[in-house]
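Two complexes are shown next, each including subunit A; its partner changes from subunit B in the first to subunit C in the second.
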Partner chain A sequence: MRSASAALALFFAATILLFSLSAPRFASASTVENLMSGFSFVAILAMGQAFPILVRGIDLSIGAIVGLVGMIVFDLSLILHVPGYLILPLALFAGALAGALNGVLVVHLRLQPFIATLATLAAYRGLTYAISGRQLVPGLTTTPIRDPWLTGIETYFDVGRWLGLSRLVNMPWVPLSFVIMLAVFAVLQVLLTSTRFGRDIYATGGNHEAARLAGIRVNGVIITAYALAGLCAAIAALIMVARFTTATEALGAGMELTAIAAAVIGGVSLAGGVGAMFGPALGAFLLGAILIGLTLQGVPQFVQQIITGAILLAAVGYDRLLSVRRQRRLSAPSTAAT
Partner chain B sequence: MQEEKTNDRRNFLKTIALGSAAVAGAGAGMFSAPGDRPIAVGMPRARAEGTRYKTAFIQWQPHTVPAAWSKGIEEVLGPQQIVDYELLDGQNKVEVQVSLVETLISQGASVIFLQPIDSVALAPSIAKAKRAGISVITLNIDATEPHASHVEMNHYYGAMDIAKAMGDAMGGKGKVAILNAPPGIIIRDQRTNGFVDGLKKHHPDIQVVADQVADWDRKKAQDVLNTILAANPDLGGVYGVNDSMALGAVDVAKEKGLLGKIAIFGNDGETAALESIEAGELTGTQYTDVYQQGRLAAAAATVLATGGVEAGAFAQQSRLLMPYVIATKANVGSIQPSQRW
Partner chain C sequence: MTTGGPPLLRGTGLAKIYGNLVALDDTDFSVDPGEVRALIGSNGAGKSTLIKILTGAVMPTRGSVEISGEIAPLGDPSEMIRRGVACIYQHSNLAPAMSALDNIYLGRQPTRRFGFVDTRRQRLKAEELLAHHGIDIDLDARVGTLPTVKQKEVEILKALALDARVILMDEPTGWLAGADVVRLHDTIRMLKARGVGIVYISHVLDEIFAVCDTVTIMRDGRVVAESAVAEIDRPRLVHLMVGEKLARESADAALHQRRPRGTGAVRLSARGLGKSGVFADVSFDLHAGEIFCLTGLIGSRRTELVRTLFGSDRFDSGMLEIDGRRVAPRTPLDGMSLGIGFVPEDRHREGLMLDMNVTENLAMATLGRHCRGPFLSRSGMVRAGRKAIEDLSVQPRDGSKVVRLLSGGNQQKVLVGKWLSRSPRILILDEPTVGVDVGAKAEIYAILRREREQGAAILIVSSDLEEVMTVADRIGVMVSGRLAAVHDAGTAAMADIVREIGGGSA
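Here is the complex of A and B:
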């Protein structure tokens, strides 16, 4: 485990311990359950966001993709009455497509990722309003989505009872969204560490030009990275729609920033080429634990935002410190040789 | 004149008194739920001596209305000294509101006051709270999941009366524009439908020529109304679905020298709107005593928290519509400083 991940895991453990001692009812099964159900989709978004950052980009549009995919699901289910088992793949495809479009803008129009995805943020959000079934068919405002294929995502498993642990301690029920998060984590982590694509991602993020010269299809790698971010946004959207039994036009607004914060806290370097899936996922749960803990302590929300900002700053500072050390280590042997 | 004023005040007080009666009625309904399970009223929960009841209000986002509710709620809960109360901010995001509800559930709250951002999206959380025995009281925006109580401004009938007053001010004919809220919220539909139905009923010759979204916002309302006026220079009336948008219309009318030529009505009755009416700028608004709305919700909450009434015990959700007045220059003076929010 990289030292950044170890530091994050330690910080997470310390945070949990601190709140368990200080915040009333923090150390309870229901808090763990809330953390899992309320932040698994944030973790998925953060893992998705890590890919554009790994190739030295950023994706500001993933919150808007969440909104767009949510509304597509809403329309397909409530207006067109498409069965849920068809909606699931369509939603994932739409998210990946929206993400891939970001990649195309970055690669082929040579736009700065920040500008390209800022533009698509506005465009995707606008499109969400344009296709909103809530505006096309007013009665749907108060109609929940009831398709079991979609609402089934919001299911809880009594894992404690299966394991026989419930007789000993009060165990949290595990939401399906958390299991989905673990699956996404496993797939993406294997993709990053054990496949050619993963090596290409790190090489491209480390140095575009060197990667190109080494024969890597840099453009394809970058487009795929953005498509993965879009795909993760679609998964998050499905989880949120299941949780709320509806989609609103504003669904996911501002979540890109939370995802970026979680990724950076999770040790994904904004300079590109450094990071993995463990950090962003844990970073999301760290932010969640802090929000829940501070709310339980009765700390006002603006103070919570200040604290979140401070943690983000500290994470960026720590990342900077590590990268300076890395460079020093890299340059040390060469100076010794001369 | 003096006579008329006292009359107005008397009418105003009468509506308030009627409101109190409505509360009593709603209260009675609340505890005589014709469900199949017997309800033990007045049986205090088995709580240790000195236990404090936890309550919280999850607002939509900071605005004059939830701020005034919160003040009214605090006025009632504060002096009781056994109830803890806090105001939480939903940050205009459903996922934040849902997460806050779940946190309050695990905290063992007794009552949750909720101004849902969306009627459907918060319904699963309300169901969860009910399963945990927590009563939920919604303010202004109802949820599709039945819950303990809903306390709302009288959106539909109030808007009908606004239409009547506006038509009267316009002489029963002309064109009006609606500065509307974004779709997807029940109160938008109630306040719009009430207005349109009110025009049909009282002033069928008045025509609605524009109905555009101005995001509840004063600045946005200025831009939208400028566009509408370009297409309809002979506009006779503007209805802002909240006061902020109506005041944006006043700004435009002032700038273009149209004050007095266009009847402008708002909805809510916040202090800025009442002052604008007194200054002869805004024609009128639907005024609700929002402090009182908060106090009534808090009164119900006190009973729910301390009276041993289970959240699941309601076969039917109680519903309280707040009394209101259509405030115009003629009667705005009767709204006392302590009632202004």
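Here is the complex of A and C:
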């Protein structure tokens, strides 16, 4: 697993180097700033997505959860005038709840994760339209959210000046969303590698029956994994609402695919039980660097999408190869003769 | 051995019924502290079901389980583990991508506050355990990268780490080589001295005489006998396992129906077949009009071997001849065009379309025959199906029944019938009667004998010695990917075969 992370980091460095040499203005402070502000929430989504994948599931609904949470924030703030310090925990709770519902469907109705979350994708997006403050109170469509607790998320720190480096080089400003991403990373990584719950996640994804027979409450573990994906989606939604100072019904649409791509590129195996937080986070920034680089090179949008698809295919194919190899190892016979 | 107190683990009146199949029928079972109790019986006798009930993996239909005299909740693995009942399962129960250390403490890592795993304590405890039992394992290695023997040791450590009071072992030596078996037995004796109760399931009678105190013999979902190992001998044990009636029948069958070796033409001839890392140097002939049974332990690579004959896998060395022509089937379609029919082991996963009806399943291998141009002829299928249902006496006699709703025995008849409809010259069956009740077994054997009389060459993979002794004309024994011996069924002694299966010298 460690060597996979190293390989990914190396690939990331090579990508940066390649674009720095080939794309105009890529090697600049503004690119780094764009990357941090534009892909921190993608990284958070990818880390959240990693949990359902680790327990051998998938969550297609996280983009819809982003939209739903965004609209809840919009309604609470602009229509109900709820103060921001209350909206933050409510938004996080709503996201976690929406995620947990996915888990309940998977565990208790025994639905395929793909089908269950495809259904909730549609349902959550529909719910977003149903509660849309833009439809209920059309006058509010152009009113920005001004609550400092919410807009405060869109803050930049001039880290370069604090460190006294600005006089030497042009340093990027660090967005708060990047700091949040680091915090989410730290918490989830510790949760995954150093707690009982983390081991239970790996055990459930690695061998569901063995985990059950070892007395692990696999149902609870799976529901929690989906709830964490929902929670991460809520955090991403808050960051996006703060940036746009509003929410639309389409907020987060299609984002589940980017998150899944980043997670798989980051070495989270679709066969379950393999992966950590570093990979998905770096995977998101790798995708970001490629998209920014291609844009600076003047590559059209649709070609960028084809390239993203090709990268995803390559990552999934590689993952498949690895898990087939693992399986073969496990079932290899004892070579010792009697 | 007995302490006078209540038994460590006692099951009373346990029963498990799946649909029409009674897997376990009002069974009593107990283990005392420091007792090693063997649990034996042929496949489908109900051993695994009993074990699964005792570990909480399966909820019994009736009955109760007591641990040290206290009633235990049923169908809950974590409660059984908490009460000190551990199990080493036949199939791997490890998470391949996790380290050996994490697997040993799967689901019960020592923790500090807030659920943080106390990795230092976990490692110390594991190292203590390793030292105490003289087992050498790289704790940080990912389990998926360890050799099979080491994986088994990780499973054993997993049970030991639990401080289990009762350890159930379901064919623990199935994957182990001779020296490792001896080491496992030493471990068992050490545990016994510490007052741990052990239930030991094995087909290898030598092991039972080597390490067990008492023996419980099961047949057809019931306990048929219990005895101290010292008071029973091998022929008596085999007799009890197989059943008086079947033992007599198979003896009769041997006299009247068996054919001497090599009466028919050689249909299939394997010379030095091998697949690297799986099996090696397998040579045998399969004649027209005979039933050749391949027996051996689970994991002795019989399934892997026959899959290469059919073409669903490929061998990579040696030579295969069918009807005197050298062939190398690369796909199942190749196998079929060579006249081979293949009934796979797992009928649910590999054999049947469970949600399609009997007629459709029967026609699955012969669809080409029921086509008019690009269209399927429904009436042709139904006519062929009706005849097959009659020939095989599938119950109920209704081709429109969905296969999922049939009993295991009837499902198996449909699966066999699917291939018989092609009139195969060579028929390969992998564990044809697993999970099939006694009556349906007899019917399937009758079908196979009829095919043999009509000149088919039949190759059966079976772990069920009773079955092997009943239907085989010749018996091959596979051990760890090699064909260790071939016998004429009429003259082979069960005891010899049992010893060879376990890897003993012939």
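Some observations on this one:
Convention: the second predicted complex is superposed on the first by the 321 of 338 C-alpha atoms of A that agree within 3 Å, B and C clash if a C-alpha of one lies under 4 Å from a C-alpha of the other, contacts with A are read in each partner's own complex, and residues count from 1 in each chain.
One rule holds in what follows: contacts are C-beta pairs under 8 Å (C-beta built on N, C-alpha and C of every residue); 3 or more make two chains touch, one makes a residue touch a chain.
Being a predicted model, the structure only gives us computed values, none of them experimental.
Once the two complexes are laid over each other on the shared chain, residue contacts for A:248 go to subunit B alone; subunit C is not touched.
Look at A:40: by the touch rule set out above, it reaches neither subunit B nor subunit C. In the superposition on chain A, contact is made by A:273 with subunit C only, not with subunit B. Once the two complexes are laid over each other on the shared chain, residue contacts for A:177 go to neither subunit B nor subunit C. Of the two partner chains, subunit C is the only one touched by A:212; subunit B is not.
By the document's definition of touching, of the two partners only subunit C reaches A:200; subunit B does not.
Comparing which residues of subunit A touch subunit B with which touch subunit C, the overlap is empty. Considering their complex, residues 194-200, 202-203, 205-207, 209-217, 269, 273-274, 326-327, 329-330, 332-338 of subunit A touch subunit C. Within the complex formed with subunit B, the subunit A residues making contact are 24-25, 28, 30-31, 33-34, 37-38, 132, 134-135, 138, 141-144, 154, 240, 243-246, 248-251, 253-255, 291-292, 295-296, 298, 301. Interface of subunit B with subunit A (complex): residues 86, 88-89, 91-95, 98-100, 102-103, 105-108, 117-124, 144, 182-186, 189.
Subunit C contributes residues 55, 57, 77-79, 81-82, 87, 89, 92-98, 102, 105-109, 111, 114-117, 119, 143-145, 147-149, 151, 158, 175-180, 277-278, 299, 301, 479-481, 503 to its touches with subunit A in the complex.
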